[in-house]
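These are the structures, in structure tokens.
Next come two complexes built around chain A: one with chain B, the other with chain C.
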Partner chain A sequence: MPAETGSSTACSASPPVPVNEIDRSCRTPVVFLLACSQAWLVIGLLFGVISSIKLHGPGFLSGSEWLAYGRIYPAAQNALAYGFAAQALLGVGLWILARLGRVTLQGAGIPIVGGIFWNLSVALGLLGILAGHNTAYDWLEMPRYASGPLFFSYLLIAICAIMTFKLRRECALYVSQWYLLAALLWFPWIYSTAQLLLIIFPVRGVLQAVVNGWFVQNLFDIWLGSLGLAAIFYFLPKTLDRPLHSRYLALFGFWALLFFGSWGGMYAGAPVPKWLGSLSIVFKVMTLIPLLAVGLNLYRTMAGKWSAVKTDAALGFVALGALCYLLVGVVGILSVLRTVSERTLFTLFTPGMTNLYLFGFVALTVAGAMYYIVPRLLEAEWPSGGTQTFHFWTSVAGIALVTLPLLFGGLTQGAKLNDPQAPFISVVRSIIPFLGLSTLGGTLLLIGNAALLGRISKAMLATCCGSCCPGLLSASQKPRALASGGKV
Partner chain B sequence: MNQGPLIFLGALLALAASWCGMVVVPNVQIGRQQQVAAGPSNSRYPAIPSGEAQRGRDVYRAQGCFYCHTTNVRQSGAKFDVVLASAGTNKAALASGLRAARPGLTPAEVSQIMEQAPKPVLQGLTRAEAETALKHLTVPDAKAEIILVPTGPDIERGWGRRMSVAQDYLFDQPLMLSKQRIGPDLTTIAARQRDPSWHLLHLYNPQSKVNGSTMPPYRFLFEKRKIGRHPSPDALQLTGEDAVEPGYEVVPTERARALVAYLLSMDAQFGLFEAPLPVEPKRPDATTNQPSATAPTNAAPTNR
Partner chain C sequence: MKPDPKKSSNAARPNGPGAGKGSSPNVSAKSPANEAEPTAGLAHTPIWLIILFAALFYWGQLYLDNHAGGFDPQVYEPYESAKLVKALNTGADDLAAKGEPLYGMVCAACHQPNGSGGALAPPLAGSEWVTAADPSRLIRIPLHGLSGPIQVKGQDYTFPSGMTAMGEVLSDDSLAAILSYIRQSWGNSAPQVTPAQVAKVRQDTANRPMNGTATWTADELLKVPLAQ
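This part shows the complex of A and B:
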């Protein structure tokens, strides 16, 4: 092929690195990112539950200014998006890049430093929001003294990822690598654009909403979406132990997502030029194409092996995560159509969709990936117990409860809002039962994920102690080398 | 597709396209908006907010009020009213015109409309219907006009008289449109509730002012202190369960007063070229200054 000049430097003639060695190079950075992300998930859920209680019990913790609803709610959202989702998916992405490239993680110290600063920035940002330094932009609430360091921490992690990709020893690229490569490029562009145009050299008036909407659209549909799809496309065939149904369908879905998913972000009825809302609707509807491509591909890959989800925990989580991705996509497309969005705009429908995305798609996919990766990296089996089953079922019930009541509550709220005869206070009162159910769901998710966090900490502690002072461990806690460690 | 650089370039292209389309083009289109002349005195709109309102805006932002309150009035359409502005002298022609425009009118009603002009003849029409009706009323010396009335649930709720447009937010830094209506829209809160002490009491204990409200109290914006030599004139008039023990008073802090000043500055009521208001028909005679009793108005303080 004439075009091979570009890739001749990318994959060397050296033989692939053994799997054990790759996993060892990933151990500290990836486990660090995953463990921290799980901790942020628990913190975000805790904040989320507090803010959710405040919605139906306004007197709850109302004496503390730092815990006011308008402060703890954005803190929860940012902990979930940046502390949890982004960090976890980046951690999984690093490991996938190393495994698929058949090369050790390059400059493994860099992502550790990047990870430490990422976590410090998120912590600083949340403190800033709680202290009242909220920037007031959706998903960008962290003040600039936190967003700056966050951006540079990201660059450190991305440099490591790009280096690992560049020095790969397996020339052929897999679907997950395309998604990861696109995602790595996407974040610095959208984040710097948003920071520059909203905070450093702010644009005037409603243009802020336009820039903010574009950022959020790209943050979710492209960046987190690509990172999550990379994990799904890797783990689903892997845990099923069969190849992906069609590489060409995946390729088509990939480019379609990049071109259609990146436009939009404005809702119909916003006080901006009307074409922005219309264009957003058109492009959102077009994302049905990549959605169908991804859905069909995953369905055909799974076909005939549905029963495997019962025996393999990682597969069960990832498959459910993929289902949530498709659901969020389809419902999201339906909800932008004018007749529907008239009713769902300004209602609980929006947080319901965000919950389905973060707790359904992202959290389940990450959990599946963790069930696969962490034992291999720690070279230890998970400490025994029913935590896995417990985590799975609390997740399923929790996701259902933080999603369905808000979606239906949003539709009820929207119908009443659009009826001027209904006094506003009756609209307010009508959503309270739905909010109560979502508080319950959040609590379930919190308990399940706290259990998983405890389990990861225990496994880390066991490996850590096992490597320095093995005498301290009882026989049951002793780390055992994993039999399947040789599987690529 | 095993070419890393190819994927990179393709992704770059996709991203650059969306960046140009959704970030650069809107900036080119409305990035240079300026104040416009609007309102009865043709003042510059929107006005540059006062210092205290600016500080209040900062409190509004820090407390995250916009997580529950939108400032975005939506309009789903418009209706047209036909109004007889002045009857003039050609009564007979006008009376037949009125009966043609609105066939069911009794002679008494016709003369009532003519005497009470300016008076709406027909309300809630489509534009075509209004224009047909207007033709019937085109009588020499009499004056009739078509008035545009914005419609939509938000407007009928009394949250505003017209939809919000880009011009309204020119000086909003940062912009706090919001995505949630857990509380009412605040675009025209100043017109709906002008009393600062109502707002202060509402912030201190929302349920005391709005029964069943789920708004949390913002007592940390107030200070409970011992009454000094003279009671403070700013002290809240607390009654019932909120009443403090004798010898103490609750006064708003600087932040609470600024927040209320900001709320009282939220009054996007001027008609604009892109979002006209239902104009109140003017009387042709000297009594122009008297507000017309029949003119449509949504500005009355409501608390829905």
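This part shows the complex of A and C:
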């Protein structure tokens, strides 16, 4: 990464743009992406809860084929990955790039158009999945007529991000910018490769599983991982108001993640030549190094300021998100080891890890970022602190319940499945309590996030109405900027 | 200059001390419009992390040496090496074992799963047509079909509909597997039929259509010379 030493470009020539101007340029696109992503989170959770109930109450909503488990479960997954996680982290990333570059968001209309089409594509894709047009590839279930538009909408958003990066006024690069740039370029590569090799010119036989495994590995460990880390590396020092512990440690962790995180994705015992599984294991285990580098860096940055977590909501969420990142990383590494994977493969363990990743790492980090960004962009006060506390504790309890029961349930399920004496139906019966707990957790997450969605909509509405027809608002609803006489 | 946008109770703190460290000199951290953005300190990567990195890397190499089957595309779980896989693969495929499910799908409907025959077909168990040392006549039966009166185990049979030709739908490999199976089951014990033998018969009978219009009769088959 070129850093302070980078040859002088446009960045040193022009003066930095004032913060409030940057925020104003980000307002519409970033708030749009964040609000839509929160809506997808709620939809994804709703679908997730429905599919989870079906696992222990198979009669539930069994009348409609559109809501069959095999359709609604992948629909939930795709709503969460593409509607929520990707969109939210891209929105946060755009703002971080503008702030760190000390420049307004370039071509701010482009990501709005991109965002609109992104959301339409996700909606189309989910409808396709519910209608039965599932491609049957993990995390790529959206049919072709949705994945194509999705890809091009992404390019629009990414072009704006890269232009903003290129035209930055601040030459020195910060850690978050490395991660964002890597992630922005990574997605087109993995997504187009997977689409070409699986859907358009499908490779033959088990090679499909290999390509799919590679894609999923890169989607989570590199793409969503880098986007999330960019936010964590930004907000932790920012809200603590102190520099990140070490640039060198961050650099080490960054390259180690890109190198070791991008291989593999196969599991031991898959019907492919043995070296593929073994290579995947070795590379996954090596991701312990970037994990430790990130963990250590954040830990040292936090050192001595732990109590700030209690007073600063944004910091609290982001710090907990970072903790989940480290946890899911360690669990993920353990789960590929041959002795563990022969027990956890094809059990509840895998969805347990996915939940920890999406609801722990991604959703908490995004929530922290939103608590920081949205009031600034809307120039409005958040409505009361009550929703915030409610959202925090439903999140914590919800994440614990959608994660721990599935992880432990997966371990017992695997042990029983490997025992030829245990009748299959008794294995199925024994995991019902774990599934029930995870339905409960999903419901808690759903309620908490619906509350946050309501809160964001309210703030948006207040700002929106405030700027066009202030007379309609009662004094209490007025955004503070207006109340204090500032103009928007 | 407009005041800093709304601070929620928890969030914005303007230019903290320490935050300016390492940031480029052309940004005035003092300007109120320029809130400090995060920067990174210059602490070194701890040596234990580098050592752990090297140790894990070394472990990775050892692991791949032992568990990657020499990166040979022929080595699958649970085997360890190409040498072992070759040693276990004698080259002699167990044709009869492969033929069992095929027999079940293609022939058992008429000849019965236990080869006893019945209302639709004569028996295969103990049949001299099946167990003849030279399989040239046997191979011809499923290739082109068979009709007319036939003697099996000293008993005369006549089946008006005869046996259909299957040479067009069964490959040399499948046919060899099925015939090996019927030659080595239900008390029959004759050497297996190889795909090469089936291919040879196909070649010898190249001008005979396999669509059921040129079925053999028992008399005709008996004229086909056998190697002793």
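Just so it is clear, the second predicted complex is superposed on the first by the 468 of 488 C-alpha atoms of A that agree within 3 Å, B and C clash if a C-alpha of one lies under 4 Å from a C-alpha of the other, contacts with A are read in each partner's own complex, and residues count from 1 in each chain.
Here is the rule we go by: a contact is a pair of C-beta atoms (placed from the backbone, for glycine too) under 8 Å apart; a residue touches a chain by one contact, two chains touch by 3 or more.
These numbers were taken from a predicted model, which means no experiment stands behind them.
Because the two structures share chain A, they can be overlaid on it, and in that overlay chain B clashes with chain C.
In the superposed model, A:Ile289 lies in contact with chain C only, and not with chain B. Of the two partner chains placed around the shared chain by superposition, chain B is the only one that A:Arg71 touches, whereas chain C remains out of contact. Contacts of A:Leu279 after superposition: both chain B and chain C are touched. By the document's definition of touching, of the two partners only chain B reaches A:Tyr137; chain C does not. Residue contacts after overlaying the shared chain place A:Asn20 against chain C, while chain B stays out of touching range. Judged by the touch definition given at the top, the superposed model places A:Gly269 against both chain B and chain C.
In the superposed model, A:Pro202 makes contact with chain B only, not with chain C. Judged by the document's definition of touching, chain A residues 171-172, 269-273, 279 lie at the interface with chain B and also at the interface with chain C.
Taken together, the chain A residues at the contact with chain B in this complex read 3, 6-7, 10, 54-56, 58-59, 62-65, 68-71, 73-74, 132-138, 165-166, 171-173, 178, 181-182, 185-186, 189-190, 193, 197-198, 202-214, 218, 251, 255, 258-259, 262-265, 269-273, 276, 279, 342, 345-348, 350-351, 413, 417-420, 423-425, 427-429, 431-432.
Residue ranges of chain A in contact with chain C, taken from their complex: 4, 12, 15-16, 18-20, 23, 99-100, 102, 170-172, 174-176, 233-234, 237-239, 241-250, 252, 256, 268-275, 277-279, 281-283, 285-286, 288-289, 292-293, 296, 300, 311-315, 371-372, 375-376, 379-382, 385, 479-481, 484, 486. Taken together, the chain C residues at the contact with chain A in this complex read 1-13, 16, 18-19, 21-24, 26-27, 31, 33-46, 49, 52-53, 56-57, 59-60, 63-64, 67-77, 79.
By the touch criterion stated above, chain B contacts chain A in their complex at residues 1-8, 10-12, 14-15, 17-19, 21-23, 26-27, 29-31, 33, 61-68, 70, 72, 74, 76, 153, 156-157, 163-184, 206-207, 210-220, 304.
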